[in-house]
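One chain, chain A, links the two complexes that follow: it is found with chain B in the first and with chain C in the second.
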Partner chain A sequence: MKRWLVPTLYIIFLMLPIYWLLAMSFKTTNEILGGFTLWPQQFTLENYKVIFNDPTWYWGYFNSMIYVTINTIISLAVALPAAYAFSRFRFTGDKHLFFWLLTNRMAPPAVFALPFLQLYSSVGLFDTHIAVALAHCLFNIPLAVWILEGFMSGVPKELDETAYVDGHSFGSFFFRIFVPTITSGIGVAAFFCFMFSWVELLLAKTLTAVDAKPIAAIMTKTASSSGYELGLLAAAGCLTIIPGAFVIYFVRNYIAKGFALGRV
Partner chain B sequence: MATKTHNERAWWFVLPVVLLVAFNAVVPLMTVVNYSVQESFSQGVWFWSGVEWFEETLNSSRFQAALGRQLLFTGIILAIEIPLGIAIALTMPKTGPWVPVCLVLMALPLLIPWNVVGAMWNIFALPDIGLLGYTVNALGIDYDYTQQPLSAWITVIAMDVWHWTSLVVLLAYAGLASIPDAYYQAAKIDGAGRWAVFRHIELPKMNRVLTIAILLRFMDSFMIYTEPFVLTGGGPGNSTTFLSIDLVKKALGEFDLGPAAAMSLIYFLITLLVSWLFYTLMTRQEEG
Partner chain C sequence: MTLELKNVTKRVGVEMHIHETSLALSPTGFNILLGATNAGKTTLIKMMAGLERPTSGEIWFKGQNVTGVSPQKRNISLVHQFFVNYPSMTVYDNIASPLKVAKIERAEIERRVGEAVELLRLTPYLKRRPSELSGGQQQRTALARAIVKDSGLVLLDEPLANLDYKLREELRDQLPGLFAGRGAIVVYATSEPSEALMLGGHTATVMAGRVTGFGETGTLYRQPRDVATAQVFSDPPINMARVLKSGNEVSIGETRFAARGAILNRPDGAYTLGIRPHFVTSAPRSPDAASISGIVQITELSGSESIAHFEMGGDVWVAQSPGVHAYDVGERHDFFVDTSGCLYFDSDGKLVL
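Up next is the complex of A and B:
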């Protein structure tokens, strides 16, 4: 059996539904509902034009990108020192704390939707980007700590000690020496934070109304209010893939090499 | 492994994480606990009802059926995605121009919002206008996921395999990339076969990343909501109503906050217990 056969077949399997979505986005809704056509018979860009000309549509993309970016920055900023502590020191309750952090990924978001709404309304953050960014910290911070801790444990402790002998303060060591050493770890952690925040809908939808409404929620609303505009929805769906594709392209080398450094 | 020194001041480093996560976790969790032990007759009026909701939930056949479906679903997708993911990672090229191409293409499904995943499979699998449904029916197989429970199950599982196998591939591939060539050469000199190389070199080296992969896949598949909800809406009938779909029906559809809260705590505890078992088993293996 040829080695390339398995990955090739797998990638074809992955691309089929995406092709179908892309093909639909260039069809008119009538053609989609009218019957089975393998590719667009009446090629149209109308669906994309609607999205690019309507602020409620394109602002959905900006809203999503804003809270995803804020979330990734917060998650990494607080996870870096915490992961350093877990990888270098023993302290009271460290193992329990680590598992407790992980348990927060296990809370079904469906359960917490309502309490989250009450919590964020009571602190006056309802319908803001920061609310969604903070709420997504619930599952992204534990993951970021977990990934970064793995990478940091792979860096020998001698690096820290040599730096102190050379007269570096902790801050100078951490930012000038340690952080650059684990760039790939940060890349991988950032990728996962971006990914889980970008694809989550339930909390994002619950915590927003107008000003910070994510694109995915706008799609659900359109699906129910204006009948069944399949072509338009397909176009909007295709556009949600693009930011993710950019991010994965930028971190591809970290993913391939990244873990290699960390997980010895 | 670096030896760790004892240092209580390390708490200052983890404090921001603890505060942020606690803000998001403790208050909502306590709200849920609060609901679960009370009865409400009208808005804002609550009565203590003790463990009544917990007993009711555990004894209800509806909960047991949803839990059964959930366990079956998670079992099936773990049994498919983990071995398949490892197999694909093993056959992927290790160097060369195709590596980034493979990685980017494979990661695409992971980056699509979950309701879009559900919606695209919903249309992709429709028997009259979807590529998958149309092709399968053209081959002479009677397939309609909106009517037949078995077809619905196969569609939901195919969707999850499509959506998440790449996560296992990425993690396993990263684990494999960390194995130095010297290991393979040593194995060659010892005359080790393909299986021996896998069993004694590749598998142990992938242990840590596989722990992450299995735990993530377990947790996320056990809590799956958006994708099957958009794809099948839990139907036909109740055949694909998993725990969280049932829970949302109860909490938001029927506004039974007490029973819904009790159910979600039981749900949370089951997830916690199983994850703890996986975690302990796999980290112990690592030490031994």
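Up next is the complex of A and C:
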């Protein structure tokens, strides 16, 4: 038994679907449907050209990124003070409230699709980026509070006291000392907000029509037009993986810390 | 220029953390709060800092009532038992932080930080972050932050408790020098009587939320006002026994010895004898030492001293003898009490003076 055999098999199994997606994206639809080929026989960049030249395609990416970014910013901005309160103060019902926040994540997004659609239509938010961002907050804020509270509780209260004694006001302490101390927690929370919002399809699709339509929704639309454009879909899929891969690369060390703290 | 606690109490829920306490602390020498863990030292310090508000009573600093004034507005410094520094800042920024907040000029900040860093031998580490320092260096950084501020009140809450033996000794020798001549009131909490004696100054003994005694450290040690003070201010724990005084003699059970000092002027009757372990030895310290005996239960050897716990008349006594002695556990041994070290407490637990 060679030592490299098991890891190699593991990586092959792991990479196979991604390789297949990548290979398909460089094939023509005819070749994909024609039979089994391990690598593109007629290598083509046509699929990518379509995506980069058609605004309905590339705006799908922009739309997704816009509402994901808005969502992550709102979630963190709201979760930071909330998590601080939960980690530092004892108040009536704090534990119940903390648990209740989590229960928001127990309901499937589909439950909220209809009320959100009706609500946003009636206040004129339908088909806007902010609508999707706000809808995702329902799931991401509790998660961010939960993660950040874990990191904040790991910082001793003596740090706060030392800062006050040194003359820092609450604001100065919070932004200049406390936030930099828990950057890894913020990184982990941001990552999970990004991931949920990036892959969530149902709410994003329900709450948008044209102007804020996410890439995943555009991919489902293509499937129903003139037959299946499998090559095009594969190319779009490859491009969808890239942002997630980037984010994971940047926060990989923080996530290890988060796991060590038991909150992820 | 004093810090005064006037009838201060602290209650959390139904628990009294601090019973009515009055103290007046001065800038001459250290003011030591001596007491076991959970005695209330940290609560007292937090109230002095303004981090916790007394339930009742007032705190006066330099002739001003500062009760309820936030810590930011008090010009104080605080060093915790745990090494608390700002993890995201370098050592230099950590030490400069209170000065930057106070909007002091850059050149002045550099001068003061340089001075403090020199004193605490942190110069080579200025660019590092606290997590890259050893425990001793981290605590020195916290101390440097406390001294650059030139505050009127420096609160040190067991700053050496988490350091290992060698570092603790080194830093303890340095501490009085760091604060000498700054005119600040220094409050130092510790759980070790020996540390209080080494640092001198004044000591307040704290037990179960009460300040049992306050005075010049040496005096308080030699003449603890009451039983509680004597118990707090003794390590190993002070030996306590019921004794009977009649005429010029005192008796513990069968053992009789000559009474000395103030007890002679008191009426005959029952008293509590307190005697520190180093006055109870396996060889007589003085010709008139009283001889007692007991069954040895536990023995400890601490380099130059032998410690034996023995049972006598229902009480467990501790004898601390110089030199190395072999005791047989479970056997009866003779010990000698140096009667010059006897403290007598009356039925109210007050020292007979």
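The criterion applied here is as follows: the second predicted complex is superposed on the first by the 244 of 264 C-alpha atoms of A that agree within 3 Å, B and C clash if a C-alpha of one lies under 4 Å from a C-alpha of the other, contacts with A are read in each partner's own complex, and residues count from 1 in each chain.
Quick note on the criterion: a contact is a pair of C-beta atoms (placed from the backbone, for glycine too) under 8 Å apart; a residue touches a chain by one contact, two chains touch by 3 or more.
For clarity, every value in this text was computed on a predicted model and none was experimentally measured.
J.: Specify the outcome, clash or fit, for chain B and chain C once both structures are aligned onto chain A.
T.: Overlaying the two complexes on chain A (C-alpha atoms) leaves chain C and chain B fitting together cleanly.
J.: First (chain B), second (chain C), both or neither: which does A:P156 touch?
T.: After superposition on chain A, A:P156 lies in contact with both partners, chain B and chain C.
J.: Output check: A:D166 vs chain B and chain C. Expected answer is one of first, second, both, neither. What do you get?
T.: second
J.: Does chain B (first) or chain C (second) touch A:R88, or do both, or does neither?
T.: first
J.: Contacts for A:V50 in the overlay, against chain B (first) and chain C (second): which applies, first, second, both or neither?
T.: Once the two structures are laid over each other on A, A:V50 reaches no partner at all.
J.: Which partner does A:M65 reach: the first (chain B), the second (chain C), both, or neither?
T.: The answer is neither, since A:M65 touches no partner chain.
J.: Determine, for the superposed model, which of the two partners chain B and chain C contacts more residues of chain A.
T.: For chain A, the partner with the higher number of touched residues is B.
J.: So if I put the vertex at the Cα centre of chain A, how wide is the angle out to the Cα centres of chain B and chain C? Nearest 10 degrees is fine.
T.: 90
J.: Figure out whether A:L21 sits in contact with chain B (first) or chain C (second), or with both, or with neither.
T.: In the superposition, A:L21 contacts chain B only.
J.: Give, as a whole number of angstrom, the minimum Cα separation of chain B and chain C in the superposed three-chain arrangement.
T.: So the smallest C-alpha gap separating chain B from chain C comes to 10 Å.
J.: Shared contact residues on chain A, chain B side and chain C side combined as an intersection?
T.: Residues 156 of chain A touch both chain B and chain C.
J.: Along chain A, where are the residues that touch chain B in the complex?
T.: These residues of chain A touch chain B: 3-7, 10-11, 13-21, 24, 32-33, 35-36, 38, 74, 77-79, 81-82, 84-92, 94, 97, 99, 101-116, 118-119, 134-135, 137-138, 141-142, 145-147, 150, 153, 155-157, 188, 195, 198-202, 215-216, 219-220, 223, 230, 233-234, 237, 240-241, 243-245, 247-249, 252-253, 255-264.
J.: Taking the touch rule as given, give the residues of chain C at its contact with chain A in the complex, in rising order.
T.: 46, 49, 51, 70-72, 74, 76-78, 80, 82, 84, 86-89, 97-98, 101-102, 142, 145, 149, 155
J.: Under the stated contact criterion, what part of chain A meets chain C in this complex?
T.: 156, 158-159, 161-169, 172, 177, 180-181, 183
J.: Flag every residue of chain B that touches chain A in the complex, lowest number first.
T.: Going by the criterion above, the answer is residues 1-11, 13-14, 16-18, 20-21, 23-25, 27-29, 31-32, 87-88, 91-93, 99-100, 102-116, 119-121, 123-124, 128-132, 134, 162, 165-166, 170-171, 173-175, 177-178, 208-209, 212, 215-216, 219, 222-223, 225-226, 243-244, 247-248, 251-252, 257, 260-261, 264, 267-268, 271-272, 275-276, 279.
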